[in-house]
Structures are given as structure tokens and as C-alpha cells.
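When the chains are written out, they are named A, B, C, D and E in that same order, and each has its own residue count from 1.
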Amino acid sequence: MSVSLRDVTVRRRGKTILGPLSIDLDAAGFSIVLGPNGAGKTTFLKILHGVERVTDGTAEWSVSAEEARQAQAYVFQSPIMLRRSVGQNLAYPLQLLGMDKADVAKRVLDWAGRIGLSDALERPAPRLSGGERQKLALGRALIRSPKVLFLDEPCANLDGRSTREIETLLLAAQRDGTRIIMTTHDLGQARRLASDIVFLLNGQVHERAPASEFFTTPKTVEAKAFMEGDIVE
Amino acid sequence: MNEIWAGILAAFRLIVTLDGDLVEITLRSLQVSLSALVIASAIALPFGTWLAIRRFRYRRATIATLNALMGLPPVVVGLIVYLLLSRSGPFGVMGLLFTPTAMIIAQVIIITPLIASITHQAMRELWAEYHDLLISLNTSKRQRIATLIWDGRRTLLTAALAGFGRAIGEVGAIMIVGGNIDHATRVLTTAIALETGKGDFALALGLGFVLIALALLVNFAIHALSRTEREGTW
Amino acid sequence: SMRMAVTTSFHNSGLSDVLLPEIKADIGLDVRLLVVGTGQALKLGRAGDVDAILVHSKAAELAFVESGFGTHRREIMYNDFVVVGPGDDPANVSSATTAIEAFQRLHAAEHLLVSRGDESGTHKKEASLWQAAAIDPSALGAWYKAVGAGMGASLNTASGLNAYIMSDRASWLNFGNKGELELLFSGDPLLFNQYAYLPVSAARHPHVKADAAQALERWLTSSKAQQLIDGYRIGGEALFVFNAVP
Amino acid sequence: MNEIWAGILAAFRLIVTLDGDLVEITLRSLQVSLSALVIASAIALPFGTWLAIRRFRYRRATIATLNALMGLPPVVVGLIVYLLLSRSGPFGVMGLLFTPTAMIIAQVIIITPLIASITHQAMRELWAEYHDLLISLNTSKRQRIATLIWDGRRTLLTAALAGFGRAIGEVGAIMIVGGNIDHATRVLTTAIALETGKGDFALALGLGFVLIALALLVNFAIHALSRTEREGTW
Amino acid sequence: MSVSLRDVTVRRRGKTILGPLSIDLDAAGFSIVLGPNGAGKTTFLKILHGVERVTDGTAEWSVSAEEARQAQAYVFQSPIMLRRSVGQNLAYPLQLLGMDKADVAKRVLDWAGRIGLSDALERPAPRLSGGERQKLALGRALIRSPKVLFLDEPCANLDGRSTREIETLLLAAQRDGTRIIMTTHDLGQARRLASDIVFLLNGQVHERAPASEFFTTPKTVEAKAFMEGDIVE
């Protein structure tokens, strides 16, 4: 399922933090959203997902709003932990669907293994280390096998090995038909994963291109400077 | 001052001799207050939570009104319930006046706004924390409320205990709708008011200390059961 | 069982604790008392929430029967009002010979005085005594404290202020928080206080237990009741005088 | 039911004619309750916050006791204050009995535990959030309490409003220590109790509605001033 | 000022999450703490700083506890924002010292510039983007010119340019005599900054070495595997 934003603007406290911006994202692929801090990446993802209110314009999915929401999952930049154990956090999205207990338990065990938290199932989630939380949030998003997956810097606090494992998981999910839209500040990671790049600057889509093209021949000076870690103004 | 000692002594005597009347009115106090607490909580916890998660036009006004209703004067509540339940009132045929049921009704009206207000305030923080996740997971209103109440159950304890405290110590309303009838609707607070009227301060204080001891007991029991303080806010 | 609304002064006297068990034993009737102000007792009767009332405020009682809420008014007994005040008696009330003189002395001394101020039977009686002494109670100075409370609460206030107060004898004798107050004046027939029994009209409120009310009335006017009422004493003093016409 | 209409009418009449007595007792109600609120808040906000940030041996017991004290029966508080202030009591010489000051004292005792409990509960969350930072910045106890109260001021509003509600609607204690003396200590709630005793339900209800209107007014005013709801929890 | 840990153990819910561990850190240098997720890095830093309770053992600074605490600053892994404006967040540590208003205002302006948040002074801090929060937390820690600075993955959510600027700031601080102890999952960053490395594994100090040595010739296979993003068990 694809989505199109039309003249979307987000204003908060009188300041425009995103837009006006129009963009189409189609049903397949692995889009990576790049941009400096405060560019509006998180806001952009939240608008697509529908958890942030737009001030102006429309965001429309090719399917009904209800269906779209049900098929999506989101991993927030600062992971939100339910005040429950790790196992209960993983089970929660399944319980919402009314899945029966035995099934839930099986899937929870399976996913706890995949994200490397099998030992921590009984631990209170709010007490996890920074990296463990990110993994838990990822597992909780993937456990429902969403059709569209939003990831906001999901590997920021992960060690090298975990990052690699998560990347493998994500590529597998994409192969299985999951549409992924992700932000990251790790350009290496972007190169490894992206099929296309959305480059945001000051709340605007500054450049959009297939990944290969963007990294080899960026069209704007700002994108080039950004990749070199230079001043982007 | 002597009277305060005499009161403590009276309380002591009442308790060790397990005075029959005392046991009866104490049990009735508990029955009425706990019933009122359960009913009020069943209304106020979901309602307060709902108010925390829902944005609508008159939200602020609703909250201000709810807060104002915490100041409902018990005597007025008592009067209105009396007028409704009186034989010449609309629900007169049910014959509820001067029964414990009537007292429970009055207390529910008095403590529901209190519990709902505290619930609302406590749930706002939790909702701010959970907001994005619960929206993202496409939860229904009902699921959101259930999740918040469950995960916030320890912070909701204060709300319930405040309600219980208000109920168990309240006298104005239940005096009017219960009538303080011996062996039928007399509870600790109305008995205290009665003894005060007779100028028997020692006995009044004695009953008062029994009531306070009861409140302490209930609170310690609930705290022990819920282990509120074990692991910080979690 | 039946419900009867009574005034605080009746209940505070302790007489009800003597009578109710006897009634239960003799005629098997469980009488449930609602202890309220006179006005509220009449209200409860009007609304049909009680089966009978026992109060002491003749004019209001007659009006109650007149307007059809009660079947009739039956006088049961009387007690009397007393003037209570500080032991050193700054107004010298104790040497008054009549109630009117006592009230005039209270007026002259301007010592603190607590009035029920709640339009109860007792309060109305007090007002009538001021009138009889040719004094307008609404024009008294700051020493006249209208507290707007029941007999017990008013006595507590008087005790706290060490003030004069007019009380019914029964409440006074049963009152535990006497402080430095003493009984200073009593005995004038003007101070008599008639209690009457009024069954609520079954014609008006079909659900009232007229049979029970009638049975209670019969018992209250019986010689058994006479014995108990006349024989009820606190500290050797009789409180009530039975005067029902059988 | 007719009486409820009559009550509404009475309230209306009282207000439009600006009845002199009504204005007097309303102002006294406000004066007593707001004074009690200010004093109780000055004690309870720091104390509740302190309880939230401090770990000590009997912490749980202290909190359970505090919660239990929310159930202090007003009549008993009234009695004890009466005994302390009465001329034969230890503070008798101050001549405070049957003055508004005595009423304020009783109300402070009644509402302080309520405000402190709600404060404690609200501050626990904020403390969990700030804990590491404030410890890291080497703040003193006093600075921690001040920071929490300041940053949590909006959530503390419910605590204060609950206290105000309890104070303005309370009758049992202030009846005993104030005495409901006309033109001296009569307030709305005691006047309501008086009219109820007289059987003048319409006037009692009328005064009750005035009291509720007053509570609403105060709540709306405070909400408007504090703009609690403007920006979520912040 | 230097610190020594002696047989420090941290147990939570019956599980040992750190130690027993003894280590000395001396008064100068730029130590970087490495280790996989859940190794105990955050716990280790918090123990040194004294915001986490030890179950057993002692952590002692060469100066009095009071003095040590006053001279330290800490940037937490998930930045803690006071519910105030950005400017007030920066001013807070100075206000605690009772510094006068004009001075506070000047320093706040200065530091807002250095961390690139001059435009955001009036914004409520809890509304900042992930990267902006990290910058604010950094500025708030540095504004008191601490003698010892703890940093827990301070650049995890920063873009390339911000990371570079922060690194410059940190190196400058170190040159001016600030002792820095930092964790990171970015090995490149560790190489650029570290003077010595503490490698944690399962709550234990697994290897300790000067940076040059650690990166060129790690002594343990685990450290080697960690750097290659391999399984560390």
C-alpha cells in the first residue's frame, strides 16, 4: 500500500516545523530518511503513520485509514516501554488482537530469541539497558508482521553485532514484503539498507533519489555536505 | 485534655471487650463505605482515565466541573438523595430511604468526583508516556483505558484510598438519608455525632479512635497487599 | 417494625432507651427512631417517610393535623425547661421568682447567652418567653448567640462559652459536658413542655403502618407507659410527667 | 422533587437579591476555606514532596498512615480541637473557640493529609523522571523539593483543589468548633445544616446550590488562570 | 582527582548485573568504556558518579564525597529534560550555585551557541528532537565546567556534523583539564577520542588497555570479536 502527502504542514507554537511538503511513497522498497538534527525526520515519520496531527494538508494511504493503521508498526526514537515485564511487552500487541494465550506465548518466545532477550523475559521493561529497550521495541513492532514498518533511528544505541543482526532481520522482513521507512544518522547503515533516500532539510524534502544515485552523485550541495559531515545550512 | 485520655481509654475498653454494639456499627461502617468505594471506583476509574485520554470541546470545562464537584457539600447530597428516595419522591416506591442502600447511594455521589479527579490527574502523566505507542498500535478506546488503569494501578491506589477515607469519615449525608437508626443504619460517624450531642465526649472520642484505627488497618492491609513502595514507581 | 421521628431533646433524655425494649417485649413492635429537629420531623411526616412523630411544638402540630398529614394529636407527657448558666450566676437568675423575671434579668445583665436559634420547639418556647417579658429577641446585642444547632450542640457551645442557655430538663440532666454550668432556674409552669404523638395519616400515605402506629399509641397511653415514664429518673430527679388521657 | 425546583428558585432569588446574610456567610465560607487551603498547602506540598524523594525506614508506614488520615472523621477532629481550645483546655486562654480561627485550625487538620497524599502520589512520577539528574547535579534536599514543586505545579493543582473542595463542603468539625453562631461563625455549610434541621429544605438546597456555584466559580477561575490543559502535561 | 572501585557488586532482583569488579581510574585522560548491550556500561558509569547504589564494595574518590560530587557532571543515555524551556534547562545548574542572574544569562547564551541551540532557547525542552535533547544535556553538563565528565553514548542520535562538533568540544575540555569517562558504540569515535579503553563484558572488566594498544593488538578474543561486530559470548 502506498501513501501520498499533499501540502502537509506541521506548525507548533507558531513555528513551522515541517512542510509545506508533498511526496508519494509507493508500496514497496526500503526508504531511508536522512537529514540533520531537527530537520523534521521524526515528525515526517509520525505524520505518515498518523500519530502526529497535521496543521494543514492531507496524508492519504491507498487503503482505508483503519486498514492502514492496522497494518503498520512504528519503532519510536526513544523506545516506549509499557510498565510491565519484557515478555508482557512483547505479548501486548498480540493480546490486542485477541489471539489465544498459547499462540501468544509461542510467538513471544520465538521473538525474544530473535532479538536476543530470551534471558530477560521476566525483567521489568523500564529497567532494561538502552540497547535492550531498542531491541524490545523492535521485536514488539515486528511481532505482528506489519505490512509497513516505520523505524526512527532503531540502532542508535546498539552494539556492532546487534546492529548487524537487526539489519539482517529488517532485510528479511523487506524480502517478505514489508514496506520499510526508516531514519538513521549512520550513513554506512543507510548505504547497506536503502533502496531510496529522502533527504530532509529544515522541514522540507530537499532531495529524493534512488540510493545508488544519491550516494554516488548527490544532486544538491547540501546533500553532499551532509554526507561529508559538513555544515549544512 | 482529660477527655482525650478518657477517650483513648474508652476506645481501648470498647475494643478489648469487643462491645457488641461497637462490632455491629463498625461492620456496618465498613460495609457501607467499602460498597460505596467499589461502586464509585467502577465508575470513576474508567471515567477519570477516559477524561485523560480524550480531547473534546468541553474537556476543560468538564474537568473544572469535576474538580468543583469534589466540594459537593455532603448535607446537600444527603438532602437531594433524601428528596429522591422519599415516599413522595420519584423513587419512593422502592422503599430505600433509611436503609444502608440509601447511605451507599449518597456516598457514591460524594466520592465519585474525588476519585475521578485524582484518577484523571494520575492518568495524564501515564497517557503522555503511552500516547504514541497506544495510538500506533491502533488500540480501541476501551483497550487504552484498560491498559492505563492496569499499568497505573499503583498510582490509582491513592485515588481509591482518598475515596475510602472520605466515605468512612463522612457524616452529613448519611445522617440524613440513613437516619442513624439504632440497629439498622447507625454507623461509627453517626454514633460519634450522637454521643457528641449528648456531651459524652469520652465515648465520642473513643468511637473516633476506633474509626481511625479501622482506617489505619485498612490502609496498612492495602499497602501490604499492593506493595506500593517496593520498586519505585513500578 | 415502624419508624417514628422524634426530637433530639426526647432522645437525648435517655427515656427512649428505657421505653423501646419494653415496647418490643410487650407488643412485639420494633420502633425505629429518627432523631431530628422538630421542623425536619414534621417534614418527614408530611412526606410519609415515617409512620408517626413525637414532638413538642403545639402550633406546628395542630397545623400538621389540620392540613391532613396526621390523623390526630395525642398528648403523652410533659417535661419542663430550665435555665442553665455559669455557676457564679452574674445575672442572678437563680433568685428570680418567675420565668419572666428570669428573662428580664438575663436581658439586663447582658451576659453571654446561647439560643438554639433553629426554630425548634425549644427555640420557639424561648421566643415566646422573651415576648412575655416584653423584649424583642431579634434586637438583642452581641451577647445573644443564636447558634442554630440541636440541643446537644447548643449545650456544648454554652459550656464552651460559659454562657446561659435555656434547655429542656432531660437533655440537661443527661448532658455530659457540663463544665462550669449549673441549673439556675426552673419550676415556673410557663416552662412546661408538652410532648404529643401524631400518627401519620394513612389516607394521605397508604403505605404507612397505621396498625403499628395505633398499637404504639395504645401502649404509650397505657398504665405500663405511665409507670415507666413517671418512674424514669436521672440522679434522683424525675424528668417527665405522664399526662395522657386514657 | 418539587423541593428541588423550590431549591433552585431559592438559590436564584438569594443570588439576584444579593441577600445580605447570604453575602456575609458566603464570604466567611470563602475566607475560612481559602485560609485553611493556603496553610494546609504550605505544609502538605513540601511534606508530600519530601516523602516522595526520601527513602527511610518507616517510609511505607508513614505513607499508609498519611493515607489513613485522609479518613479522619471531621466530627472527631472537631471534638479534639474543641477540647484543646475550650477554656479548660491547654490553649483555652487564647480564647479562640467559636471564632473563624478555630474553624481554620480544624480544617487545616482535615485537609492537610488529603493534600499531602495526593501530592506524594503526583510527585513520585516526577521524581522518578528527575531522580538521576537532580542527584547528579548535587542538589540539596531543599532544592529538590523546590524544583519538583515548581515543575509539577500543574499536577499539584488537583491536590489543592481536592483540599479546597473538602474544606468548603465540610460541616461536622466547624459546627463543633465554630458553633454556627449567627453573624460570627455561620458559614454556608452550617447554615445548610440549620435549615435542614428546621425542615426548610428549599432554603437548605438553595444555599447548597449557592455553595456549589461558588465551588464551580473558584475552580473555573483557577483553571483559567493556570491554563492546565493548554499543552498536555507541560 | 582519581577514583578506585574495590570489589564493587551491583545486584538487582537477585541478579548480579555488575561485578565483583575492582579498578582504578586516574586523574587525567579520556577513558572510553566499550562493551556489548547489557554489559553494564551504564551501571558502571553511574556507580562511579554515585547515582546508583552499590550492593557490595566501595567506590572512593581521592577527594571528599561532597567535593567529588560537586566537581562532576553526567550526561545520561536517555537525556533527562526538566519540564522547562531550553534556556531554563541550561540555567538550572548555575542557579543551583546561586550565581547572579546577569552572569547566568550570559553563560546560557554562550553555551546555547556552542551546542547549536540558540534558536531554541524559548522552546519547551521536552518537545525537542532526539538529537537536540542530547545536545542540550551536553551543554547543561558542560556549563558548570566540571572537573570530571561522564558521558553515556552522547552522540547516539546526532548527525555527522554535530558529532564532529561535540567531539571537538570534548577534546577542548579535556585539554583544559577535564577528566572524561565515556561510553559509545561507535568504534570510530572511540578511536578518535580515547586515551584508554575499559572493555566490559557480562558486568566484568574484561580488558583494560591504552587505546592504541587495544585497537591494534587486543589481548582477548572477545575484544577482537567485539570490534569485528561478531558474536561475543
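Here is the rule we use: a residue touches a chain if its C-beta (ideal position, glycine included) is under 8 Å from a C-beta of that chain, and two chains touch if they have at least 3 such contacts.
All of these numbers come straight from a predicted model, not from anything done at the bench.
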Any chain that touches chain D and chain B: C
Pair of chains joined by more contacts [C-beta pairs], D-E or B-C: B-C
Inter-centroid spacing, chain C versus chain A (mean Cα positions, whole Å): 81
Where chain A and chain B are represented by their mean Cα positions, the distance between them in whole Å: 46
Mean-CA-position distance for chain E and chain A (Å): 27
Two or more partner chains touched - positions in chain C: 36, 150, 153, 156, 159
Junction residues of chain E, two or more chains touched: 127
Sites on chain B at which at least two other chains make contact: 89, 196, 201, 233
Pairs of chains satisfying the touch condition: A-B, A-E, B-C, B-D, C-D, D-E
Chain B partner contacts - residues on chain D that touch it in the complex: 1, 3-4, 59-61, 63-65, 67-76, 78-80, 83-84, 89-90, 114, 117-118, 120-122, 124-125, 128, 155, 157-158, 161-162, 164-169, 171-172, 176, 188-189, 192-193, 196, 201, 204-205, 208-209, 211-212, 215-216, 218-220, 222-223, 228-229, 232-233
In the complex, chain B residues that touch chain A: 129-133, 135-139, 143, 147, 151-152, 231, 233-234
Chain A contact footprint on chain E (complex, rising order): 12-13, 35-38, 41-42, 77-78, 123, 127-132, 135, 152-153, 156-164, 185, 187, 226-232
Residues on chain C engaged by chain B in the complex (per definition of touch): 3, 8, 12, 32-36, 46-49, 150-153, 155-156, 159, 174-178, 205, 207
Residues of chain B that touch chain C when the two form their complex: 86-89, 92, 97-98, 179-182, 184, 194, 196-202
